[in-house]
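Chain nomenclature is as follows: A, B, C and D, assigned in order of appearance, with residue numbering initiated at 1 for each chain independently.
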Amino acid sequence: MVAILYLISALLFIFALRGLSHPESSRMGNIFGVIGMIIAVFTTLMFKSVLSYYEIGAAILVGGAIGSFIALRIEMTALPQLVAAFHSLVGLAAVFVAAAAFYDPVAFSIGKVGSIKTASLVEMSIGTFIGAITFSGSVLAFGKLQGTISGKPIVFKFQHLINALIFLLIIFLIVLFVINQSPTIFWTIVIVSILLGFLVVIPIGGADMPVVVSMLNSYSGWAACGIGFTLSNNLLIITGALVGASGAILSYIMSKGMNRSIINVVLGGFGGEQDTGASKDNSDKIVKQGNAEDAAYIMKNADSVIIVPGYGMAVAQAQHALREMGDILKKEGIEVRYAIHPVAGRMPGHMNVLLAEANVPYEEVLELDEINHDFPMTEVSFVIGANDVTNPAAKTDESSPIFGMPILDVEKSQSVLFVKRSMATGYSGVDNELFYRDNTTMLFGDAKKMCEDIVKSLSA
Amino acid sequence: MVAILYLISALLFIFALRGLSHPESSRMGNIFGVIGMIIAVFTTLMFKSVLSYYEIGAAILVGGAIGSFIALRIEMTALPQLVAAFHSLVGLAAVFVAAAAFYDPVAFSIGKVGSIKTASLVEMSIGTFIGAITFSGSVLAFGKLQGTISGKPIVFKFQHLINALIFLLIIFLIVLFVINQSPTIFWTIVIVSILLGFLVVIPIGGADMPVVVSMLNSYSGWAACGIGFTLSNNLLIITGALVGASGAILSYIMSKGMNRSIINVVLGGFGGEQDTGASKDNSDKIVKQGNAEDAAYIMKNADSVIIVPGYGMAVAQAQHALREMGDILKKEGIEVRYAIHPVAGRMPGHMNVLLAEANVPYEEVLELDEINHDFPMTEVSFVIGANDVTNPAAKTDESSPIFGMPILDVEKSQSVLFVKRSMATGYSGVDNELFYRDNTTMLFGDAKKMCEDIVKSLSA
Amino acid sequence: MEAHSSEVFVIGLTVFFLACIIGYYVVWSVTPALHSPLMGVTNAISSVIIVGAILAAGPQGFDTSKIFGLIGVVLASVNIFGGFLVTYRMLSMFKKKTKKTKEKK
Amino acid sequence: MEAHSSEVFVIGLTVFFLACIIGYYVVWSVTPALHSPLMGVTNAISSVIIVGAILAAGPQGFDTSKIFGLIGVVLASVNIFGGFLVTYRMLSMFKKKTKKTKEKK
């Protein structure tokens, strides 16, 4: 019976992910997920050994209240931080579950205190290790994304060597732990793993954090599988595999979108090349500048406009003003569409959520492959707070760190408008030669302010 | 160990199907399938209870020789028959396995003679039932496809009622069998099921046989799952589910392509409406006729030609002559492509295999969605042995039996050439008004002969 | 065929491999526009580890392991509620065009 | 958690559902051009029922069930060899353009 309920719950989780294949079915999918979780929790509560309903109920209420409060208050622009923060909690929870199993192995039927099955010990300590790393790594990622900690990669000598040594130390501790089952060693593993988590993430630049978070997510999925094996619990195995696959695929998509190898990501230590390639001297080149009225004029007289949002739009929270601008243009009979690069913004799907928040219908929001061939037939590309994802150096300059990354071909449209605050480079630190092209007009200013000004000019 | 080997074999089967997502990877996929099967067989041979290697080896050799001989000699145009024939053998094999399990339950650890576990008895008899139906149904399907038996649907009164009664009889027999485990009843089930298989398929038209074969294929997959449950054999469960899903999806694709409901298919008894809708009197309408020289002239002066092959091309074995014609046109600088309707021919993917056999590169062979929007920009559509799949009645005439079926929009090209032997209707029995259009030229004659003649004219 | 310790492991392995293959297909079938909600959902479901925490928190009394279990339940609950709710918020933002439902492909 | 009879059934059920989901995804990912080879391959692999036939044909001696088993082996082998070979023949016909490999999308 228990097994059947767990199976149903696992299938519901699969359908929850499956629902995300289309916005229409996604809400239903989320409901499936919730039902699956409810079934899983209640099934476990029905175990004979589970008696303290009040304490557990209270714990769920407390946790649920905190979680709900955070989820309902958070700004959509702060999603990357949120995911990282939640994520650290999963890691910590895994550590506590492992610790609990260690202190009361009978409740998990894996042996008795002091004589726990070897397989379970190995599993438990690996779970603890991954959980602890996930915890500290995610906390640091959260700090960097939130801006509490500087996003700059902190690099020091022998970094990788030190990490490798710590890793060997942890393996040694695990072996020791499996042999003598000492609580001291257990907690030493926890502390050293937390340290390693910090050290692994600290050299990585703030903007790379989403990849890190996703990788850690994947690891924690595999850890859940491990726990599932120990408990012979298929629900944990299946869910763990789903989460593991999801994290791995998202990391893969991100690294492909940034033209980084996945190995590069797994090894860590990236995001340090922030300043390479930016050194080409462009100070003597001429840049055509414009203001909101110019932009309004150019777009008003066009037939079709493609809007390319990027990280800067998220930072400036410009999505609502942008949508308003788009609406006015549409009312004038101009075709307005949005082009989303796979790694625009700072996490996968980030731009889509922001535009959806601003009530842009999702049919107008297109992915790179869907819209890239339409740029040559488009009059105006309105690039707002995006930079790297439009940089043609990715196609032409073999020495550029972004060479090979797919880009949105805005340069093929008749004219390009760039909204940003300065001539500064984007995340990759690579100068964008598009700024100096004849058909480019730079609109310097904050993304939100600029959109509002354009709206004013259009309405005037 | 056994379980791991079976697991590997199951995974290899999954990869075998996965490989078919692209022609490039498909050959590797087939090899995976072969390896998986070898592992499965050798793993089973290693069972302690399996001792008679010589006999089994001999049986495999005999069967293998027959299978190889048939597979190597068969014409590609006879594929539908071949699948049906092979299919009947799977059904028969299932019956024999079930019978063997019944006579020697110890070898399968499902109990002793006379006191077999109830669950196993139920499973066994259901397996027998499905196996026997698959056997006789496929034999009849083979006969109809091969032409040994008339393809005409044979309809008589109370058909469905009789089938339903026989079905109830079988259920009754199964209950009896589970209770008294008598061999007589076992064989009665076999014989009655064979009868039912014939009766279910006999009212179905010859051209619908592929759907029937595919449905039976699906059923037999589920039956294999059932046997897998009895033997706690995950390999059988997984493989059965794969085969079941494949058969069901292919039937679904076929019925959707023919605009039939899947219920209609499951219930059987379709394909009887052969003559409906054909009665509109068109004898006074004018038809523009042409010959090979006209066709050669028209195509030579075009920029682009789309070839639409259908069942008639397969019957006439015209694929080689057709490809030769295409090659000459390509040499003249004309763009030549092939458009394949999902149910062109008599089984899914039939046309693709025939064109591949004639060395047409698969990049030139396009599916309906890929090419349908290109017809308006195409000068000549060369329809050869196809009829229903081009009939615009599917879009306009709500009373037509094919209304709602997706069709290839050949009528949107500048001119249409139709190669067929007469004004006869196609499989659905519906008249094709395209024949009477101004931009249509009918080329009466056998498909192969016509292609050869056109080749001669082109070369002259 | 009785389930011995190694048999149990192979069954786990079977389920694991099948689930990985499903994960591969299901995640690739997620439309890129919904990758952020995907992160939210996986976050929530990965907290199914709460099952372990509840087992630990289950027995009566108040020993160390029970406290650890309860902390685990709290942490996992934050994630479960937070993850599903934030996903719900994101998803409810994705809207179709309201008027003139032009179908674009 | 020991594997009782009902546990074994649930495990089978788990594997079954997962396999169905995989079947769904894998078969839909088959390109329509290769639907005929798909029929060939499924024909071949559905003959994995040979496993049962071998078990029946295994014991020494010559009783009824052994003969049935051997017949099963013969029939399944026809399918296995025939199915894989005919699929091989079909697949080896699918060729890319030989010269000027223009990539069409």
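Keep in mind that, in the parts below, a contact is a pair of C-beta atoms (placed from the backbone, for glycine too) under 8 Å apart; a residue touches a chain by one contact, two chains touch by 3 or more.
Predicted model, so just to flag it, every value in this text is computed and none were measured.
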{"item": "Furthest chain, CA centroid comparison against chain A", "value": "B"}
{"item": "Pair with more cross-chain C-beta pairs in contact, given B-C and B-D", "value": "B-D"}
{"item": "Between chain A and chain B, centroid-to-centroid distance (C-alpha), Å", "value": "46"}
{"item": "Separation of chain C from chain D, taking each centre as the mean of its C-alpha atoms, in whole Å", "value": "33"}
{"item": "Separation of chain B from chain C, taking each centre as the mean of its C-alpha atoms, in whole Å", "value": "40"}
{"item": "Chain B-chain D separation of Cα centroids, rounded to whole Å", "value": "16"}
{"item": "Touching two or more other chains - residues of chain D", "value": "7-8, 11, 14-15, 18-19, 21-22, 26, 29"}
{"item": "Residues of chain A touching at least two other chains", "value": "10, 14, 231-232, 234, 238"}
{"item": "Pairs of chains in contact (touch as defined earlier), listed by label", "value": "A-C, A-D, B-C, B-D, C-D"}
{"item": "Residue ranges of chain B in contact with chain D within the complex", "value": "9-10, 13-14, 16-18, 20-24, 26-27, 29-30, 33-34, 36-37, 40-41, 44-45, 47, 49-52, 55-56, 59-68, 70-72, 74, 76, 79, 82-83, 86-87, 89-90, 92-94, 96-97, 99-104, 107-108, 214, 217, 220-221, 224-225, 227-229, 231-247, 249-250, 253, 340, 342, 347-350, 352-353, 356-357, 359, 361-365, 367"}
{"item": "Touch list for chain D against partner chain B, complex", "value": "8-9, 12, 15-16, 19-20, 22-24, 26-60, 63-66, 68-98, 102, 104"}
{"item": "For the chain B and chain C complex, residues of the former touching the latter", "value": "3-4, 7, 10-11, 14, 109, 231-232, 234, 238"}
{"item": "Sites on chain C touched by chain D in the complex", "value": "2-3, 7-8, 11, 14-15, 18-19, 21-22, 25-26, 29"}
{"item": "Complex interface listing, chain C residues touching chain B", "value": "1, 7, 10-11, 13-14, 17-18, 21"}
